[in-house]
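Consider the two complexes below, in which subunit A is the common component and subunit B and subunit C are the respective partners.
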Partner chain A sequence: SSSSVFVVRKDQDIYVQTLRKLFNESHGIFIGLQRSEEEFAGKSRKTQLVQVSKNYRSVIRACMEDMHQAAVSARDPALHSQYSTQVSILSAMELIWNLCEILFVEAAVAGPLLLRLLDWVRLHVCDVDNMVREVLSSENPSKHELFWNVVDVFVLQGRMDEARHLLSKEASANPTSVHMCRILDDLMKKMPVPSLGNTQTLTEMELKWQHWHEECQRYLQDRTFASNSHMESICKILLGDENAILEKKDLMTTWYHFLVTRLLYSHPTVKPMELRFYAQACMDLFLGGESSPEPLDIILMAAFEFEMHQVIKECSIALSNWWFVAHLTDLLDHCKLLQSHNLYFGSNMREFLLLEYASGLFSHHSLWQQGVDYFDHCPEYGRVYLELHIERIPLNTEQKALKVLRICEQRQMHEQVRSICKIMAMKALRNNRLGSALSWSIRAKDAAFATLISDRFLKDYCEKGCFSDLDLIDNLGPSMLLSDRLTFLGKYREFHRLYGEKRFSEAAKLLLMLMTAHIAPCSFWMTLLTDALPLLEQKEVIFSAEQTYELMRCLEDLTAGKSDKQKFQDDDVETMKVEMLRLALARNLARVIVKEGTLEGS
Partner chain B sequence: QVSVINTVDTSHEDMIHDAQMDYYGTRLATCSSDRSVKIFDVRNGGQILIADLRGHEGPVWQVAWAHPMYGNILASCSYDRKVIIWKEENGTWEKTYEYTGHDSSVNSVCWAPHDYGLILACGSSDGAISLLSYTGDGQWEVKKISNAHTIGCNAVSWAPAVVPGSLIEQPSGQKPNYIKRFASGGCDNLVKIWKEEDGQWKEEQKLEAHSDWVRDVAWAPSIGLPTSTIASCSQDGRVFIWTCDDASGNSWSPKLLHKFTDVVWHVSWSITANILAVSGGDNKVTLWKESVDGLWACISDVNKGQGGVSAVTEGQQNEQ
Partner chain C sequence: QDNRISIWSVGDLGNVGLNGEYQGEPQLLCDIRHNGDVMDMQFLDQERIVVASSTGSVTVFRHHQNNQTLSANQRWEKAHYHVDRDASCGGAACTGVICNNPEIVTVGEDGRINLFRADQKDAVRTIDNADSSTLHAVTFLRTTEILTVNSIGQLKIWDLRQQRNEPSQIFSLTGDRVPLHCVDRHPNQQHIVATGGQDGMLSIWDIRQGTMPVSLLNAHEAEMWEVHFHPSNPDHLFTCSEDGSLWHWDTSTSVSEKPSFLHQGGRSTTYFSHNTVNQSVVSAWLSNDPTKDRMEITNLIPHQTLSVNSLDILGPCLVYGTDAEAIYVNRHLFA
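Here is the complex of A and B:
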C-alpha cells in the first residue's frame, strides 16, 4: 500500500540466537590470538597457530551440536528446516576450515599430508555411519547384506584395522574364504603408511610401498581372489585402480573423498604442490559431467590449488556472513601467508574483512561491544570506523551511556566523549533532571550548557526557596570553575551551608565577595542582599563597618543602575525591600561603629 | 540478502516523499503530500505514532533530524515555501521556528555537521539556498545564496566536518577552524560545491555530467582519507560517484555507478560510506558497494511496493 514504509535490514546471522555462542567464543579466541606474542619462532609458533585453528574449529563443532539439538527438538517444520540448513552450513564451514588448517596453517608436508587428509575425510563423511553401525551391531555381521559395503568403506577410508577385524569375522563364518581372507588381511597389515615421526624417510617409505604394491599385483594376477568378487575388488582398490575405486562412488559420496582414497592407494607420498593436479582430475572424474561443481566444491578446489585469496573470495560470496572469512583470514595473516598487496583503498584483505564483520556487529544491541575489540585490531581504519559507529549506539540507559563513554575515554576519543555527554545532558534537561544534566555537562566540559543549567537551578531556587540536587552542588570541587554561573551556584550554595552551620561571619564574607568579585550576576544581587538581611538582624554584629559600607555601595549601585522606567515598574514589594535593606544596613553600621570604637574590656 | 523486518503503516493519506531514521534508528520521521509530518517509535519492530505534525500548507518534500546533542529536533520543507523546525519539549512535539524566506517550493533540507553548531541548509525552486543558524534563545540567523541554481535547487548535502591539520589535537575549549562546505544539485543539471570564506558562501566547484535535473546529492562520510566523495542522481537515470583526491578540492572526477531505466530520486550513504543506497522510479532500492578493484557492484536488491520508491535512509541499531 502506498502509505507503508518498509524497514529493511541485511540478513545477518548475528540475529540467530543459537549462533550466539559462536560469536562469543570466537571473539575470545580472536583476542587471544592478537595478544599472543610472537616470542616463539618457527615450529613453536606454528604449533601455537595450529592450536588456535583447532580452537576455532571446536567452537564451530560445538555450535553445530547445539544447532543439531535444536533441529531435532523443533516441532515447527519451518524452524526445523532452518536449523538443519544452519547445521549444513556450519558443517561446510568446518570442512573448509579444517582443510585450510592442514594445507596452510600446519602446512603439512608430503607424508603427514596424506594422514591429515585421511583424518579429514573420516571426520566429514558421515553418510555411511548408520550403515556401519547397523552391520557391526548385528548378530552375524558377515551375513548382513551390507557387510561388504562396510568393509569397502573401511578400505576406502584407509581404516585397515577395522577392515581386518571384519575380514576375520568373514573368515570364521565362511571356511571357503579363509585362505583369501588371510592373504588379504596380510596385505592390509603390511601396507606401508607415511609416519608422523622421523622413523623413516620418504624415499624409504616409497621403496617399501613399491614392493608392497608389486606383491598386491602378483596376487591379483594369480587370480587369488577370483572366486570372491568383493575381495578381488578390494585388492584392486589397494592397487589404486581408478575404476575399482570409482565403482564405490556411493560409499564415498564426495569427489574429495575419492581424491584422498586415490592418493592413499596410488601416491601416498604426495607433495602439497601436486595436490592440485590430482584434485582437478578427481573432481572431473567423480562428477563425470553429470553435475557441475557447487560453491563448496569450488572453494575446496581453490584450497587444493593453494589459492588462498580465491578461497577467501569464494567463501565471502557463498556465505551470508563475514564471520568465517574474517576469522580465517586473520589467522592466515598471522601465519604470514597473505601477501600484503594493497587493496584499492589502501587497506589489506585482513583488515577489510574484519571491518566488515565488526561493522555488522554494531547493529546488534549487545554484540557491538565485541565489535569494539575487532576495530581495535584494525590499525588503519579501525579507529575511524569505531568513531563513526559508536556515535550511533542508542543511549537508552545511563548504564549504557557510561559503558560507551568508558570505551571512548579508554581510547582518547575526546570528540565522542564530549558528544555523548552533551547528548545525555540534553536528555536529562528535557526530562527536568537538572542534577543529572549538570553532571553530564561538567563531564562534557560544556561551559555554555553548564551555565544554562546553573541558571535553571538558580531560577528554581528563587521560585521554591530551596535547592535540588544538593549533593551534586556541594561536591562540585574544581569543576565549579567550568563556567562563571556554575561557580556562582556552587559558592552560593556554600553560603547557605555556612549560614546553616551558623558560621555567620564566614557566610557574610562569602556573600559580600560574591558581589564585589562580580561572581554573582547582577540579576541576582537583589536576592543576595535580601539574603544578607537575617545576618544584619542577628543579635551579634556580623558585618564589619567596612563590609557594611561595601554592602551599602552594592545596594546603591543596584538601584542607581535601574532606569527610571524600571523604577516606575517596581512594585511596592520591591520598594519595600530596598527600604528595609537601607534601614538594616544603617542600623548595622551604627552598632558596628560603636562596637569597633569600644576598647576591649571596657 | 536484505529482508523487510518491519512494515510501518503510516496512514498517510497521500504519497510519502521522505522517510528518515533518527541517529539511532529508533525513530522514523515521514512526510507526505497530505501535508503532514509523522514521527514513529520503531524500536523492536514496532510502530507507535509519537506525533502527527501539522503546519505545512502543501506537500512536504523532506525531513531531516538534527544531531541528538541539540535535543530532539526535526526540520521539514514543503511546496508551501516554508521550512519548519520542530522540537520535542516536555514530551510533546511543537513548532519551534518557521522560515518563510523563499519564493517557491523548498525542496531539500540538510543539517550541518554538529561540530558547526545547529545550522540548516535549505534548497528551493526559487533557485536560492538558505542557511539558517541557531544563535540561541530561539533566534535564528539567515544567510541566503541567491541564484545558486537557475530554475531551482533540488538537493543539499553537507560535507563531513574535517579540520585542516586535524591530526594535531586542538587545545580543549578552542574552536577549531573548520572549512564549511556543502554540495547542492539543481535543475540546471549541475552539482555545485559551496565553501564558506570569511563568513560568505562562495561557489567553489561546478560538477557537470548529468543531462537532466539533479534530484539528489549525498556527500559521503569521511573515514579519514584525503579523498572526498559525493554521489549524485538525476532525472536522466544516472548515478555518478564524484571523487576528489587532493585536499584543496580542485579536481573532481565522476565515475558512472549505473544508468537506471527511470529517474533516480535518492541516494544515501551508509555510516562508514562503504555502501550506497539508491532508489528510483524503477520501483527498486539497490545497494551498491565499491569492490576491491575500484568498481561499483550491486550487492542487493530490495524490490517492494507499488509505485516508485522515493526515499531511502540508513539507521543503525535495532533493539532485540
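Here is the complex of A and C:
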C-alpha cells in the first residue's frame, strides 16, 4: 500500500559496441551446446562440457582484450573510465566462471583440484606481472631491490622452477649464500605435488609430503637459514606457516590467493567439500576485520561452499545484465547440477534467466535475432514470450519483415504471420503499391485482403476507364484463386484482352460466365452488361439465343433487385443505360433467332 | 543505430600457414557512418563505392587510399520514395544497385528505376512506377539493357535506350508467383540468367527463348538472398540464404571423376538439371544430358546458425557476411 516512484532505465550494455562480440559468439556456443548430443555418457560428456566452458571463457577474454584496447585509445576521460570499468567487470566474470568450471563443471577431485586452483590464481593475479618482468629483464636480477619479492611471488604461486632459477642467480652472485641456496633449491625440487594422471594415489602423495614437510621442519629448527631472513621466511612458507604467508599480503593481493597458497603448503590433497572451511577462515584472516567482503568475495565464497544457487543469485544482483547468469546457469543445468528448483510462477531457474536475457535482446534493433534462438530452448514459456515479442519488432524494410516472417513460419506461428503480412500489405496499399500488397496477401494466404486489393483495382478501372498495373493483373497465375474477387479481376482482364484480340465469341462466353457463375460481384454487373453492348452491336451476331436470354435474365435480376426508392434516385444516365441494353438485347435476340432458324433449315 | 561502411584489409600473402590456411584476422582500415541500413553496395571504380540505403538515398563514397579514409562524395537523397517525396517519412528503401562506370542503376521498394551518372546531380532517367510491386534486385544484361526481379515472381528486361516506360520483355515463374530476390547474368553467355526466390529455389533462364525458366532447382530452405556466377570461372555458381547456408554449384565437366564427399564442412549432393530446351545449347547450365553433366553442390558452412546475407567472389577468394555479425573470408576456394 506504499506508493513509490521507480526509475526505469533501459539496459545499456547491449548497446556497447565492444560487447557485441560477446553476445554474438556466446550465442553460437549456446546453440552448439543445446544441439550437442547427450549420447556421450560420463567422462566424454564431461570433457565436452568443460570444452564449452572454456569456449565461453575465451570469448570473455577476447572481449576483455578489445575493451582494454578501446580504453587505451579512448581520448574522452569519461569514455576511458567507462571502458576500464567494463574491463574489470569482465575480468571478474571470467574469474568467477573459471572457478565454477573447476568446482562444478569439471568437478575436480582432491589432488587435481589444487593444481587447477593454482592455475586459476596464476591466471588472475596479474598485479605483480610488471614487477616480475622488471626484475627478470634487469642486468643483475639478484641485485635488484625487488628481487626477493619476485622470488616470494613465485613461491606463493607454487612456481618452483622459476623460483629455483632465480635462486641460482643469487647463488652465483653471492658466494656466502651458496650453501643455503643449494639446500633451499633442493627442498623446492623435492616438493611433492599432486599428479594429474593416475601415477600415484592420494595416500602415497600424502606420505611423501609428510616426509618432505618434516625435512623442511628440521632445516628450520637447525637455523640453517638464520643468516638470511628472506630465505628463512621462504622456508616458513614452505612449511605452511600462516603468519609467514600472511606477511606477504601485498604480493598476494587477494584472500583467495592466500587460500590457495595456504592449501598448497599445508593441505595439498584437500577435498572439494573441505574447501569451505579453509575459505572462510582465510577470508577472515586476510581481511582481518579492516574491510568487509565485497560482492565478488561473497560470490567466490558461495562457490567454495558449493552453493550454486547462491552464486547465481549473488551474480544476478551484482551484474548489470543477465548475460553471465543466463549462460552459466544453462551450462550448469546441462551438467545436471541444478535440481529442478521451481520458482513460484512455474518455470525453473535456467528458463527464468534465459527468458530474461532473451527479452533484453529483443529491445535491440538487430540482436533480437539471437533472442529467438534462446526462446526456442525454453520449453515452458519460450514460445509465448516469442509470440509476444516478435510482433513488436519495428519493420522498417521489407527485408526485415521477411526475416521475421520466416522465423514465424518455421515455428508455425500462423497468427503472427497473418498479422505481420496484413501490416505490410496495408502499408503497401497506402503507398499505392498494389503489387506489393498482393504479394503480402499471397504469403499469408489472406483471401480477405486479396479481395480488398482487387476492389481497389476495380475501383481504379471504373474511375479511369483502364487498368493500372497490367504487368500484375496479366500475370497473376495460380494466385488468382486466392480470392473470388481476385479471380474475377484476372478473368475480367482476360475478357478485355480477348476483346482486344478480336476473339469475340470467346470474349462473349467469358463475359457471360462471369455473371452466371457468380464470379462477378453484383455491384459490377452493370459494368459488365455495358461491356456487352459493343459485342451486341457488332455486325456479326456473337451471342447465341441461349446466351441472349441469359443476359436478359441478368439484366432483369439487376433491375428487379433495386427498390423503388433506388429507381427514383437513378439519374437519367442510369435509366438510359438500361433502356439501351434492353433495346440492344432485343435486337440481338431478333437477329439470332433468324440466324439460328435459317441455319437449321438449310 | 550506428551503421557503418567499413573497408578491411585481409592481410598479405606472407601470412599463410602450413596447410595454406589464412592466418590472422581482417584488419579494419577505415569506416564511415551510414544513415539507414545498407541494402546493397558495389564498387563503381577503384576508389568509389555506391551504397543503397533503407532510407531511399543512394550515396557514392570515396576511399582515399593515401590516408586510409572514407568520405561521402555524392548523394542522391530521395532516390526512392513513396508517393510524396518531400514528406519526412516518405522514403522507400533502395533495394539494389548496379554500376557500369559512370552509370549507376538503382531500384527500390517504390517500384522505381533510376539511372544516375556519377558526378551528375540529377538522375539521367527515372522510370516511375516501373513495377507495381517491390523491385528486389537489378543487374546489367548488356550496356544498355538491365534485368530486374520483383516480389511477384517476374524477371523483366528494360531497354534504357527506349523512351517508353515499359519493359521490353517479361518472364515469370511457372506456378506460384514466388517473389524473386536476386539475379545474376552469366559472365560470358549473356542469355543465361540465374535468379533466386523466396522459397530458396534457384531458377536458370534462357532469355532468348520462352518466358519461363529452363531449370528449377530446389535449393535452400528459406529466402535466397544472393546469387553470383563466378566472374572468371562461370561453371561455378554461388548462392546464400536466410537458412544460414552458402552453396557452391559446380557444373565443370570433370566433376564425375571427383568423389562426391570430398569437400570439407558440409553435405554434398549431386543433382540433375531438369530442362525443356532443345539440345543445341552449349553451356552446362542449360544442358539436359544427365549422364554427361552432373552438377555437384556443396554447402560451404559447417555449422550454420543465422542467415548469410551477402557474398562475393573474385578469383580464389570468397567473402560472405552473416546475421551473427561476422564476416568470413576464404582465400583458397578451389584448393
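Here is the rule we go by: the second predicted complex is superposed on the first by the 487 of 602 C-alpha atoms of A that agree within 3 Å, B and C clash if a C-alpha of one lies under 4 Å from a C-alpha of the other, contacts with A are read in each partner's own complex, and residues count from 1 in each chain.
By definition in this document, a residue touches a chain if its C-beta (ideal position, glycine included) is under 8 Å from a C-beta of that chain, and two chains touch if they have at least 3 such contacts.
Predicted model, so just to flag it, every value in this text is computed and none were measured.
When the shared chain is aligned, subunit B comes close enough to touch A:S3, but subunit C does not.
Looking at the shared chain after the overlay, A:R116 reaches neither subunit B nor subunit C. In the superposed model, A:K422 makes contact with subunit B only, not with subunit C. When both complexes are overlaid on chain A, the residue A:R411 reaches neither subunit B nor subunit C. By the touch criterion defined above, A:H365 lies against subunit B and subunit C together after alignment on the C-alpha atoms of chain A. In the superposition on chain A, A:R433 contacts subunit C only, with no contact to subunit B. When the two complexes are overlaid on their common chain A, residue A:Y385 makes contact with subunit B while staying clear of subunit C.
By the touch criterion defined above, A:H124 lies against neither subunit B nor subunit C after alignment on the C-alpha atoms of chain A. The intersection of subunit A residues touching subunit B with those touching subunit C, taken from the two complexes, comprises 365-366, 396. The residues of subunit A lying in touch with subunit C in their complex are 17, 20-21, 24, 27-28, 31-32, 365-366, 369-370, 373, 396-400, 402-403, 406, 410, 431-436, 438-439, 442, 468-469, 471-472, 475-479.
Every residue of subunit A that touches subunit B in the complex is listed here, in rising order: 1-11, 15, 320, 343-346, 349, 352, 355, 359, 362-366, 368, 381, 384-385, 388-389, 391-396, 414-415, 419, 422-423, 426-427, 430, 445, 447.
Those residues of subunit C lying in contact with subunit A across their complex are 1-2, 37, 39, 54, 82-83, 92-93, 95, 109-111, 131-134, 150-154, 156, 167, 170, 172-177, 179, 198, 222-223, 242, 303, 305-307, 323-326.
Within the complex formed with subunit A, the residues of subunit B that make contact are 1-13, 15-16, 19, 23-26, 28, 30, 42, 45, 67-72, 88-90, 114-115, 169, 172-173, 221-225, 271-272, 274, 285, 290-294, 300, 302, 304-307, 315-320.
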